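One chain, subunit A, links the two complexes that follow: it is found with subunit B in the first and with subunit C in the second.
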Partner chain A sequence: MSTKSILNLTVNGKAYEKLVEVRMTLADFLRNELDLTGTHLGCEHGVCGACTVIMDGEAVRSCLLLAVQAEGATLETVEGLADGDRLHPLQAAFQDRHALQCGFCTPGFLMTATAFLKENPSPTDAEIREAISGNICRCTGYQPIIEAIGQAAPEAGGKPRE
Partner chain B sequence: MAETYIGAPIKRREDVRFITGTGTYVDDIKLPHMVHAAILRSPHAHARIRDIDTSRAEALPGVVSVFTLKDIGELDATVPIRMYKIPGLDKYLQPSLARDEVRYVGEPVAVAVAESRYLAEDALDAIDVDYEVLQEVMDVREAMEDKVLVHEHNGTNLAGVHHVSIGDADKAFAEADYTRREEFRVHRFTGNPMETRGIVAHFDRGKGELRVYGATKLPHLNRQTIAAFLQLPEHKCHFEENDVGGGFGIRGELYPEDFLIPFASVRLGLPVKWIEDRREHLLAANHSRQVTCELEIAARKDGTLLAIRAQIYGDMGAYVRTHGGLVPCSTGALLTGPYRIPNYQAKIHCVMTNKTGLGTLRAPGRVESCFYRERMLDMMARDLDLDPVELRRKNLVTPEEIPYEIGFTRPSAHPTILDSGDYASALRQALERFEYDEMKGIRGLQEDGRYHGVGLSYFVKNTGGLEPYEGARMVVGEGGGVSVFLSIAQLGQGHETAMAQICADALGVTMDAISVFHGNTDLSPFGWGTFASRGTVMAGNAVHLTALQLKDKILEAAARHLDVDASGLTLEDGNIVQPGTEAPALPLGELVAHMRESITPEQGVPELEATAYYNSNNITHTYGVHLAHVAVDPETGVLEVLKYLVVEDVGRVVNPLMVRGQTVGAAVQGIGGVVLEELVYGESGQLLTTTFLDYLLPTSTDVPPIDDLVLEEAPSPYNPLGVKGAGEGGIVGTAGALGNAVSNALGIEVKDLPLSPDRVRAWIRARGDG
Partner chain C sequence: MKPAPFEYYCPETLDEAVSLLEQHGDDGKVLAGGQSFMPLMSLRLARPSVIVDLNRVSGLDGIAANGDGGLAIGALTRQRALERDAELPARNPLLAAAVPLIGHFQIRNRGTVGGSLVHADPAAELPAVTVALGADFVLTSAGGERVVSAADFYLGYMATAIEANEVLTEIRVPAWKAGRLWAIDEVSRRKGDFAMVGVALWADMDGANCADACITLFGVGGEPVRVEKAEQRLKGAALDDATLKEVERIVSEELEPDSDIHASALYRREVGGVLTRRALRAAAERGTEGNGA
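Right after this comes the complex of A and B.
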């Protein structure tokens, strides 16, 4: 069962070359091979969105992808959002609005919102509700998350990605 | 410091690690030589185990060990009941691995340990179990007939019964102008925290010490049980909780896996990790709710309530777990709600079926009883042609009657007492805020082609108490920094911030001088846990009391150092000052430095520290109102919640951001549970809802913005801070308000849940116009 393959990819601006099991999911690869444990697993079957990362500019569910499918890709995870000690506007807004309690779903929401605001930098509340409807949070009731994304939009949406 | 920290909307300090992805949840822990466990679970609802053959699995590459009950041998133990120990229930306990029979789909049968989780799961496929399938019983009514027995040797499925008897209900019924009898049902669902359960156990053979990560909610109690099970001295077992991805009642309770993973580590001398997957979580972690109630009400013509009688049936599943009879008993505990009902009688049945064990889910039993009672009141209002709000107002316990002793409604030595409140005031404010008078006319078919309705429920919810105490220890160190060590765990609420607020106010230091530590059994000798909204009440008051003691110690030490009288000193913003004098302030940090170095009476006792416990058997009660406006699509049966308000009086707010967070989050959880979520069992006792595709959780587009109004009109007289817990008020009234709103909209009487589209459609059809 242990067929391995060489994988080249860039995560949060850093290039990696790794030998991985072909059947390993991208989420497990990020968490276990790169120790980027900010990407969480809530369902492992593509529904909860906790594992959302950005792959080549698009929000994807890393539990549904095999690591080898990310060959040559550029990934962003929650660990890459802040600039040193300077929080990304979305991160700051999440704290301001108390948009997290246990924090387990938070990385997924942040990455979904990051990709969304790139596409739609000045969304309405209804559009935000729609955009995050594929992410589950059991603690907050979503309202503060919607407020936080709205608050961060002017700053986060406009900023071009390096 | 003019302002207090208590009451201020202070941003949570724990957020930083969570928003940067640097929190440490149990699955983030990686130890050298760590191996991974997976658990083989029963595919049958009821079967005899003839034989288990692990040899094929053991031979697989990467497999470290496979073990069954035989290997546990004489250590074999059951998951103990920790509360609501109704006589008889202890004959239905769950072993760590199935003994000779499996009794629900998902019951642990064997454990495989391998070099990776992938390999451990492969190994499960290679374990051969020979089952003889037995007849299962899935319905409480059938189970009560005892034709099929879940535990053959016990001779009955009725595991325990509890009676409540207050006043003389039978007499009141005989004399009443009006009576009504209904049967209500609440379905089976569960908490589903986003993080599934997980454990890393590390037995260090050299030291003979066990360290368990992933413990939470009740780390001390769980340590005590596991240490006894493994025959290890308790003080050589260290339980750590790490960050926790939500609790909601289900997480942190003791389960078979809590025995199995530490056992595996002791056996192998290696760190062992087990992370539950979502399917396992839905199959194996506690289910909740599913209580049925035959409710009778008696009243005068004018709506004055006289009595209620109830037969309550809890579907306990196959084993009685840690909560004993809590779920059905709590249904009985506050069935009378905020109303003056002098005669109350209930018989509570704990009934075994071939399902997963029943445990708690946010406001267990209270969501159910509020639904039964508030639905019944609406029916009664219609029968008697009374305004439903007036009917409630008339029967609310008044401030003059408070403290109001309901009587012994629980299997406990303490009566249920409503401690403080102005119930009519909360009702008035709720109606105003919701614009109820304008809204209540919106009823039945509207222009948008949907049926609209408004529903109200009134709740009281016990918070705090239940277990007698929590403690805190405080140490002042270098620079005047204060460490606060809590006996209580946290599961996402924000204790690190809230407890620092409470400490800062009582001690007289700034909040940023304080660090709060929790969730490690070494930090305090013993603590109970985080449940029943008791965190702020129990731990908050413990922090408050400890800070006051520490402050006295600091001032005495400062008085000796300054050679003045302690009574002339006080602590403000971390400085010892002498009000009314010109004397310069002495920073706390300087006092610490002095005590560490100087030859003084304190020599050899360099620390400024204090430990105190808040002890109380008194239970505080929050109260409030839920109001919902719903629209039902007659074609699809889909229910939309258009407007939702929660009003709750929490006595005193420590952090309004967090209280609001709890209220809104709980309300959404409640709406999801009432409308979308259900654990459905199909043929042969198979659980059909084992993914989030079948078990639907509310998402952002399923719920409206929740409006909330938090009141502080009635601080609890029972504790120095006057606080009551805020974790559950947002959920308690959801089933009642939505049940009433849908009944109102469709002109029907909702008696069972969930309010899912297929069922709503069936009700519309049954009405004859769908």
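Right after this comes the complex of A and C.
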């Protein structure tokens, strides 16, 4: 065993193989090794949610994972949301409802909401509030974010509830 | 805010994992879901030279029925798996109600039951709930297994009975008693934050009177705190206002919490009593409905 390891994983549909330091977090790996700097780092210790990505279908904090723990995993990051110039329904709703100002927290909110709406495609406001309770925004205020997620739900969640 | 260098091992069997721990002694540290331990490493409050990652060890997760009607929960079971288990509310409503109170859903996606129990944050829900439920922990080392009760496992502020060469492998929760009343409640500044004060309790009734009870608080000391004097007061009594008022007073008197930046000791004593009274009231009002009786 050494302090470096070969890592194979898929990010936004693209396969990667890289030699990484075992102490490197998944967030730093995405940003510094893959140049996917859309995943932001606010606190680097699991409090702010800015680094949220989707790993094998589940929203996780990428600052609380070692990159090597993602061996064989399939990841989705904010870069994978838009389809070329066409914004993802959540991104479009964030724009429409003014759910961001500086945008620092936005990737984390978007990935949190993406995973949440897959599981709960027609949420109540209370459920949206609970879902984003682990993400901190320091400038916009949460109300527009809650509205944007509610607005995007029918489209972003895939199959709306009957 | 980056972990210090370490050697990383990712064993696939429990045998491998425990022999690595044996070999590395106090230098080795187990990594499970990482939701408590990764922050400690990033803040350099922990600088282990060897990490033994359990995440690829097979056979350590899942919720199974125990022989006696209780539950055998693999230590690596994600908290989210408990939350999604549709049968858990019937099999153990107190445990099922505790899980959604842990952190946020992104944390529970990754966080494990065993990780939270061994990390032993005094404000965490699962240590208190396992104490209240009379759970047993199976600790495995290269030399074999031993079983320690949750009550004996917690020794003080973030101190537990686990040795450096041991892994918590299974949590055994006794069968839920039919007709048991229960509640869990906590006060935190924001949803998902650690509790400033919390209580997990149950009461078994004999007609209108309480036959047996367990009252365990968290966030009010170095470890989960059982208030036996309040339990005694409940026994043989009806859960009426006068009794609950007195239980509130006893809990407030018995607690010996510390002050910290989150809350003063006085606040915690006061709120501990009030929360206990309210939780008992809620338990009595809910009755046994939907609790698997």
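Odds and ends about this structure:
The definition used in the following text is that the second predicted complex is superposed on the first by the 156 of 162 C-alpha atoms of A that agree within 3 Å, B and C clash if a C-alpha of one lies under 4 Å from a C-alpha of the other, contacts with A are read in each partner's own complex, and residues count from 1 in each chain.
Rule of thumb we're sticking to: a residue touches a chain if its C-beta (ideal position, glycine included) is under 8 Å from a C-beta of that chain, and two chains touch if they have at least 3 such contacts.
Everything quoted here is computed from the prediction, not taken from an experiment.
Contacts of A:5 after superposition on the shared chain: subunit C is touched, whereas subunit B is not. Shared-chain residue A:59: touches subunit C; no touch with subunit B. Looking at the shared chain after the overlay, A:102 reaches subunit B, while subunit C stays out of its contact range. Among subunit B and subunit C, the chain that touches a larger number of residues in subunit A is B. Look at A:134: by the touch rule set out above, it reaches both subunit B and subunit C.
Touch criterion met: A:44 reaches subunit B and subunit C at once.
The residues of subunit A shared by its contacts with subunit B and with subunit C are 1, 21, 23-24, 44-45, 129-130, 133-134. Interface of subunit B with subunit A (complex): residues 11-12, 14-25, 27-28, 30, 118-119, 122, 191-196, 243-248, 277-278, 491-494, 657-658, 660-661, 664-669, 691-693, 697, 699-701, 703, 705-706.
Note for the complex: subunit C touches subunit A at residues 1-10, 31, 34-35, 38-39, 42-43, 51, 53, 55, 80, 103-107, 109-110, 190-192. On the side of subunit A, the complex with subunit B involves touching residues 1, 21, 23-24, 31-32, 35-45, 47-48, 50, 77-79, 81-82, 87, 91, 94-96, 98, 100-107, 110, 128-130, 132-146. If you check the complex, the residues on subunit A that touch subunit C are 1-3, 5, 21-25, 28, 44-46, 49, 52, 58-61, 63-66, 68-69, 71, 112, 116, 129-131, 133-134.
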